[in-house]
Amino acid sequence: MTNPLVEINDLRVDFPGPNGFVPAVRGVSLTMGREKLGIVGESGSGKSVTGRALMRLLPPQARVAGSLRFDGIDIAAATPRAMRALRGARIGLVLQDPKFSLNPIMTAGAQIAEAWATHRRGSAKEARDAAMSLLDQVLIRDPRRVYDAYPHELSGGMGQRVMIAMMLAPQPDLLIADEPTSALDATVQAEILRLIDRLVTDRGMGLMLISHDLPLVSRFCDRVAVMYAGRIVEEIAARDLHAATHPYTRGLLDCMPRLDAPRARLPVLARDPRWLA
Amino acid sequence: MIEVQDLDVRFGAVHAVRGVSFAIAAGESFGLVGESGSGKSTVLRALAGLIPGWTGAMSLQGRALGPKRDRTFFRSVQMVFQDPYGSLHPRQTVDRILAEPLAIHGLDGAEARIRRALEEVSLSPIVRFRYPHQLSGGQRQRVAIARALIADPSVLLLDEPTSALDVSVQAEVLNLLADLRAARQLTCILVSHNLAVVAHLCERLAVMQQGKVVEALDVAALRAGQAQHPHTRDLIALSRDLDG
Amino acid sequence: MISSDWLLSSEPASRRQAAWGRRYQAWLAFRRNPLAVAGLAVALAMLLMAVFAPLLATHDPGAQNLANRLQPPSAAHWFGTDELGRDVWTRILYGARITLGMVVAVVLLVAPVGLLVGCAAGYAGGWLDRILMRVTDVFLAFPRLILALAFVAAMKPGVESAVAAIALTAWPPYARLARAETLRIRDADFIAAVRMAGASPWRIVLRHVAPVCIPSLIVRVTLDMSSIILTAAGLGFLGLGAQPPLPEWGTMIATARRFILDQWWVPVIPGIAIFLASLSFNLLGDGLRDVLDPKQR
């Protein structure tokens, strides 16, 4: 492996607030290859901002510093044109709610075919066939029906499959999934994550799974980076998670109610100001 | 305390709740578990009087509940909603939000009651004159709980009270709810998709699927793995799976 | 006692302090918007001019001097004279009373009615919504001026009937707007929570729904002010609004319009007055909307 797929060095992102700039990401460095990396944190920890900075999808008033490299390409210096070629074609993004990320007035199939045609050359027929085959690959039993369905006619899980099919159309090297299953029921959630897992493994892609759900992420990723207040406080192999050392990681694991044993009180996470240092 | 018999709710062509029955004793905490679309929240809202056009029978303390509820009903039954961002009026301060139920029920000593209510949910007096958008998700949910309890109800309906919160905040709110329940001897109905949360807060639960209760059991049996229905078993398996 | 520290305290000790602190912060936010401040200044100046017209006037608004007609602005007649030799500056001052008075009267009549009708229709839904909205549609279906004409023709021409006629034709858009806002929030959990508190439907509409609709209504009102002035002028021009000796701005333009090429200042000066009034109300309204939404601060 010559270049790591993603190389982030001392990333800092600030957003303008009423009283000056507010830091959202405060010096994040991480490197990932074609592996499955989970980024976990609570709301406001900067996990989504990190993912979006990598695709340069932050609002223009955000101040970004530090270096971001994707397969050796400097994201900060890339031209808008190069960036467009990168987004979609080499990095795919799956967002939380397919209701908002799919175009409500285009059929699911047409959207996938368009995603395919934007980055490849081919006839309308080829695009259609490719879309059908992609729907098949995301384990949709009746691709023909879903192809002609509008997003509001699809369930949440089905919509998310369409979204994934769209992102896989140009065969990207990296898939960023930002809370891909938070809007879904537990039973569907597991199916979708297993699907993402299988597709990423089969195609040898990198996966950046951004989520608030530590147990979930650790089940589907090789490595987990835990973020708190704009920093990575702990990076750990997923299978060693039970041996996590940082009190924040431990706190996150401990404070959940459990089904196997009753607990009188849930341990409450005491936020140590030293974690911010 | 609360009895629901053959509750049926339709929204147009959608048959959301199909013949749900359960009974809850005073001081008991009862959970309704199911996935989205199972009808669990609809049961709660029908009980709260927020949905017109249901059929069946519901009663509170032996008195039958009609389609319209009077002020005494709302004095004894209160609700906490799922989304703390949506359940507080965006243009009212915390003070105004908490004062409203007191004004409606004509309770005196508003000043002292508001102070006490904030204290009870461990909110600093500083937040009293803030707007909801100036508070964190956990603080908002505390305000919503304070509002529900300020007129001293005996029944608390909880609609996914922690599912919009971070897990660390969820732990704090669950602890708070457990404390308040013990201190005020509240009768609770908790609706949630999360089995572990329901098991933590309730003694008994019913599992719903497609508008029907498929299984009712107590939490000890649930923990002991005595659930019979395949859907309940599925939910347990998923929950265990992620517990690691 | 009232210092800016007291007002800006982040931990107000009482409801009164919190309320004044909010007002002060709203004012600070308003002050940061120079256009809105300019709008407020001009609007206030115009209102003061209207109130103190007798003190500021240099002539009698009705005094004619046919030897001195259509004079350009001079030291004796700051804004010149009109076709009957009346002092235009004086007539603008007295006209402000009539024109601004009509605008304020229309707004005070229209905004609350539109707000209430819209909120009640949107919140209640069902047959009440259908009846109220069909009535609104009936009024919306006619061109404003034509409907106003019909109303004034049925009554006796004059300022009061012009106000009534304009008000009758101006409220439907407000009702529509308030209804749209109400529909957006009526199923929100915060309204359900107030219902759970045992509030009556009227209490919910008046205290919880209507306040949410007010900011967009205010903006709409300020945008409408110029069209209210113009409708009033149109009625005046057709002889159905303010009657001729009265110096209403619209009527002044209407009667002076034939001098636009040779003595342009005669119609242009009341035109500038109308323009300034509309613009200042507009800027003021924009600034108010931002300040009225607590999230903007």
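When the chains are written out, they are named A, B and C in that same order, and each has its own residue count from 1.
Everything that follows uses one rule, which is that contacts are C-beta pairs under 8 Å (C-beta built on N, C-alpha and C of every residue); 3 or more make two chains touch, one makes a residue touch a chain.
Here is each chain with its UniProt name: A = Peptide/nickel transport system ATP-binding protein; B = Glutathione import ATP-binding protein GsiA; C = Peptide/nickel transport system permease protein.
What you are looking at is a predicted structure, and each value in this text was computed from that prediction instead of being measured.
**Q** Pretend chain B isn't there and tell me which chains still hang together through touching.
**A** A | C
**Q** Tell me which chain's centre, taken as the mean of its C-alpha atoms, is farthest from chain A.
**A** Relative to chain A, the chain whose C-alpha centre sits farthest away is C.
**Q** What's the distance between the Cα centroids of chain A and chain C, rounded to whole Å?
**A** The mean C-alpha positions of chain A and chain C differ by 51 Å.
**Q** Using mean CA coordinates as chain centres, what's the gap between chain B and chain C in Å?
**A** That gives a centre separation of 46 Å.
**Q** When the centre of a chain is set as the mean of its C-alpha atoms, what distance in Å lies between chain A and chain B?
**A** 32
**Q** By the touch rule stated above, which residues of chain B touch at least two different other chains?
**A** none
**Q** Okay, in this complex, where on chain C does chain B touch?
**A** Per the touch definition, chain C meets chain B at residues 10-12, 15, 18, 21-22, 188-190, 192-199, 203, 207-208, 211-212, 293-295.
**Q** Which of the residues in chain B come into contact with chain C in the complex?
**A** Residues in contact with chain C: 45, 48-50, 70-71, 73-75, 77-79, 81-83, 86-93, 95, 100-101, 104-105, 125-126, 128-129, 131, 133, 144, 147-148, 151.
**Q** Name, in rising order, each residue of chain A that touches chain B in their complex.
**A** Residues 42-43, 156, 185-187, 190, 212-216, 218-219, 241-242, 251-252, 255-263, 265-269.
**Q** Okay, in this complex, where on chain B does chain A touch?
**A** 35-36, 137, 166-172, 174-175, 178, 193-197, 199-200, 219, 222-223, 234-236, 238-244
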